[in-house]
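Inspection log for the structure reproduced underneath, given as C-alpha cells.
We just call them A, B, C and D in the order they show up, numbering each chain from 1.
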Amino acid sequence: MPSPTTSVRAHLRLRADAPAAASALVALADRHGVELLSETLTVTGPDGPVEVRELRSGDGTRLHEFTVPAGASTLEYEAQVRTSTGPDATLGARERWEFTRPSRYCPSDRLITFAAAEFGRLDAGPRRELLPDLVARWVFDHLAYVSGSSLPTDGALETLLARQGVCRDFTHLVVAVLRALDVPARLCSVYAPGLSPMDFHAVVEAAPDGRWQVVDATRLAPRESLLRIASGRDAADTAFLTTAGQVDLQELSVVAVVEGDLPLDDHAHPVVLR
Amino acid sequence: MPSPTTSVRAHLRLRADAPAAASALVALADRHGVELLSETLTVTGPDGPVEVRELRSGDGTRLHEFTVPAGASTLEYEAQVRTSTGPDATLGARERWEFTRPSRYCPSDRLITFAAAEFGRLDAGPRRELLPDLVARWVFDHLAYVSGSSLPTDGALETLLARQGVCRDFTHLVVAVLRALDVPARLCSVYAPGLSPMDFHAVVEAAPDGRWQVVDATRLAPRESLLRIASGRDAADTAFLTTAGQVDLQELSVVAVVEGDLPLDDHAHPVVLR
Amino acid sequence: MPSPTTSVRAHLRLRADAPAAASALVALADRHGVELLSETLTVTGPDGPVEVRELRSGDGTRLHEFTVPAGASTLEYEAQVRTSTGPDATLGARERWEFTRPSRYCPSDRLITFAAAEFGRLDAGPRRELLPDLVARWVFDHLAYVSGSSLPTDGALETLLARQGVCRDFTHLVVAVLRALDVPARLCSVYAPGLSPMDFHAVVEAAPDGRWQVVDATRLAPRESLLRIASGRDAADTAFLTTAGQVDLQELSVVAVVEGDLPLDDHAHPVVLR
Amino acid sequence: MPSPTTSVRAHLRLRADAPAAASALVALADRHGVELLSETLTVTGPDGPVEVRELRSGDGTRLHEFTVPAGASTLEYEAQVRTSTGPDATLGARERWEFTRPSRYCPSDRLITFAAAEFGRLDAGPRRELLPDLVARWVFDHLAYVSGSSLPTDGALETLLARQGVCRDFTHLVVAVLRALDVPARLCSVYAPGLSPMDFHAVVEAAPDGRWQVVDATRLAPRESLLRIASGRDAADTAFLTTAGQVDLQELSVVAVVEGDLPLDDHAHPVVLR
C-alpha cells in the first residue's frame, strides 16, 4: 500500500503596538515515520519578512522564535508529508519519571484518591495497559464537549467538576488521572485531519507498559491520521503561540487534509502517534 | 405504643490563657415532637460557675453564649427527652430561597453542570421528591468514610474531588448538589443514637416538595432516632463551639442513648427530622 | 435642616421560554430613618400584571416573589423617600456570631493568617473600631476597579489574588478580612446616588464595637446618601434577581437621585447606613 | 585563595511492604565549578546492596533509579567537593521559554495581575535585573517561615494567601511571581551549609538578563556555599525521593559542611549558583 500524503497549513494574523518576543509551536515535529516533502514557515511584518530561529528539543519538537513587529503581521506555515509506520515509541528512562509528575494543568497529586476510587486496582498486572483507553472512555462518557465553556487557567480539577470543556480540557483530565495511577502521560498538540471545525487539536500520549500510545477522549478525529507538533506536560508546553508582551491574535486558521479517505478509528485498539 | 425516651450528654473540657467569648451549639433545638423531661447546661471555670446566656432563633436553634475563663473549664450538657411524631415540617416561604443559595462549604453555584450531568433531568415532575435519596445514595456509593481525611476548610468541591471525608463532608456534598438542582437543602447537627464511635453527627435536611425530610449519606445511624441541635446553611452555622480568641478543646465526649432497641433504617423512605 | 428626598427606580426586562419562579431584592428595606413617600412595584407579562408576594425578614429586607411568565415581561420599581437621622444601629446578640462566620464569597476561615499578617495586632483595644476603615483603605489602595474583570463565582480569595474586581468583589474582600479579624461584617446592596455609571451598588456594613457602620472600599458614591435594599452574608443573599429556571435578563436600568447637592464623603469618619 | 572543600551527606531509612520503583535526587549536579573529590551512593536492603542506575539530564541533574526492596532499606550518599568560581551561567535559548511557563506549584498565569499591581512597571529596562531580589525581598518581608504550616499540594497561590510556609513555599511564590513578570525562573534543590535545622533546601534561580542568578527568600543560608542537586520547574521536578508504590520514609538526615568560616550574604548582590 502506498503511503498517504498529508497537507497541513496554519495561518496566524497578529497585531502588536510594540515589538514583542514570541515563540510558535506550529511546525510538525521531527519524528520517525514522518517524511517532509515540502515545508515553509514565514513571518511577515509591515516591513517585510521577519527573521525566525528554530529551537529543537530532544524529542523532535521544533519551537520557532521571532519578534512580532509593531503593526500587523502574519505567520504562515505549510507542509506536505508522507507518513509511514514507524517503530514503536519506547518510553525513555527519564520520561518514566518526568511524565508521572504533576504539572500546571494536570495536578495529578490532587486526583490520587479520585483515580483510585474510580479506576480501582487496575494499576498493576495485565489490565494496566488498558488504562489509557479506560480513562479516556470515562472522560468521553462523563464530559460534554462545549466550545467556550472553559478558561485558559482551568486545569483538570476544574474540568472534572464542570463535566465539560474542549479538547485541551478533556486531555488534561485524562493525563492527570493516568499520572495519578502512575502511568506516564503527556499532552501532544497535533494537526488532526477530519476535525470539525478544523483547529489545532490536543490528544493524550500515555505509556502504561513502556511504549507510548495515543488516546483521544474527544473522539473527534481518527488517531491514525494525527500529526504531532509538540509534546509536553500539558498545554503550558504546547501553546501554538506564546508572547512576551501584548500581541493580539486577530485570526487563526488551520488546515489538515489527508489524501484519500480518512481511516476509521475504533478507539479500542492502541495506536502509535507519529 | 409508648413514646421512647432519649438521653443525650455532651462534655467539653477547655483551656484558655485569657478570657475568650464563646458560643456553643450543643443544646437540643426547641421543636415539635421533642418534649424535654430534664435539661442542664453548665459551664464551670477555675472560680466556679460561668454565666451562660441563651440566644434562640426562629427555627428553634438555641445558641449558648458565655466567656471561657482563663485556665481550665468544662461545659456539661445533659438532657432527657420524650419524642413523638410531630406534624410534617413545612418549608417556609423565605426558606425556599435561603436554602437554595450557595454557602461557604456548599458552593452549589460551582456544581451546576456536575449536578445536571450526573442527575440529569430529575429536577421537575414526580421524581423530584426522590432527589434527596438519589443524591445521598450516589455520595454513599462513591465516597469513602475516612476519619481525619479532610480539613476544616474543605467544602463540597474538595470532597467531590477527594472522594472521601467524614459526616460533615458527606453532608456538604449532598447539600451542595441538591441546591445546584434547585432543591432547598441544609445541614443539621444532631445527636445520633447508634453512631459509632459516638460523636456529634451532621445530616442533610432537604425539601424537594415543600416538606423537609432528612437523609444521611453516611448511613451511620438510623434517622428515626436523630435529635436536632442546630440547622444552618452548612457547618459554619452549626459548629458545636466557636470562640473569639485562642481556646484549646482538650476533650470532647458525646453520649446519645435511646431507650429500647434502635429502629432500623431502610434509607429509601422519607423521614422527618424532629 | 429639612430632610432631603431621594428617588429610586429599577427597571428589569426579562424573557423566559417557560414560567419560572423568581425572587427580587430591589425594594428599599424597611428601616428607621427612611420614610416612604410613595412606592410601586409591578411585574407585567404578556397577559398583564403578575401577582407579587412580599416576604419580609426580621432585619427589614423585603424579598418579592413572583412567577416570571413565558415570553417578555418587565419589573418596575419606583420609590420616593424622605430620610432622617435614625438611631444608631446596634449589633444584635445573634448577629455577633452570625456575621463572623465564613460565607460563600467571604471565606474568612482561609484569610486568618493573611489578615493577621497584614493588619497585625489591631484586633483588640481602642484601635479595633478603626478596622473597617483600615481594611477598606487597604483594599481601595491595592485593588483596581475593572468592569468585567471577575466571574460570578469569584469570592474574596480570587479577588485578593487578582487585585481587581467590581464593587461586589471589593466588598467581599473587606467583609472576609474583617471576619477573619473577628469583626462582624456583612454585605448590603444599596441604591447609591452619585454612582457612575448608575447601577445597583454593594457596600460593607461592619460592627467592630457593637454598632453597625458602613464602609465602601470603592469610594464611588457618598455613604450618607446610600439607601439599603438587602443585608446578607454576601452577594448570595442580596442578588437583585434569582430565578429557578432559565430567565434572560435583557435589560437593567437603575436610577437613584437625591434632592439637592450630593454630600461629600471623607471616608474616614463612621457613617451609619440607613 | 585556595578553594574551600565542602562535605555533604544524606541518609534515608525506608520501609516497604512490597518492592517499589524509586528515583532519588540527592546527588550533586554535574556542574562547572564543582570538582568531585570523592562520592558514594549506596542503597542497601535486607539482602544486601541494591542496584542503582544513574540517569543524567542535559543540565547536569543526576537522578538515581532503583527498586526499594520489601523490608527495611537505606540510601546513603556522601560526597566531598572542591568549589571554584565557574563561568556565568547563561540562559539557554529554549530555557527562556521553558522557565516562563506556569507549572504545578508555580501557576504564574494566575498571578499576572497581582505581580503587575505589586511590582509595577519594572518588567523592562535597567531595573529588570533587580526583579529577583525585589520579589524575594517582598516574600521575605511578607511571609512567616513556619515549619509544618503547609501541605505538599500547596502551590504559590495558597502560600500567597496563607502568608506563611517553608523554603519550598517561599521559593514557589518567588518563582511564580517572576514568571508572571516574564522573568525565567526555576527551583533548585540544594545542600545548604549553615542551614539550621539542617535539611535539604530549595532556592530560586532566575535569569532576568540572560544569566542565571540565585536568590533565597528565606535568607536561611549563605548563597555562596549552596551546592546544586536538581533544577526544575518546581518541587515536582526536584523531590529528593519519588516512589511508585507505598514506601515509608522513616528517617532523613542531611549534612552539609563547608571547610572554614561560612561566607556572609548581603542578599542584595547577585550570586551565581554552582
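By definition in this document, contacts are C-beta pairs under 8 Å (C-beta built on N, C-alpha and C of every residue); 3 or more make two chains touch, one makes a residue touch a chain.
Fair warning: this is a prediction, and the values are worked out from it, not measured in the lab.
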Mutual neighbours - chains that touch subunit A and subunit B alike: none
Touch-network distance, subunit A to subunit C, counted in steps: 2
Separation of mean Cα positions, subunit D and subunit A [Å, integer]: 30
Whole-Å separation of chain centres (CA-atom averages), subunit B against subunit D: 46
Multi-partner residues of subunit D (each touching 2 or more other chains): 110
Pairwise chain contacts under the document criterion: A-B, A-D, B-C, C-D
Of all residues in subunit A, those that touch subunit D in their complex: 23, 53, 55, 57-58, 63, 65, 93-94, 97-98, 100-104, 107, 109-110, 152-153, 182, 236-237, 242, 244-245
Of all residues in subunit A, those that touch subunit B in their complex: 110-111, 113-114, 117-118, 142-144, 157, 160-164
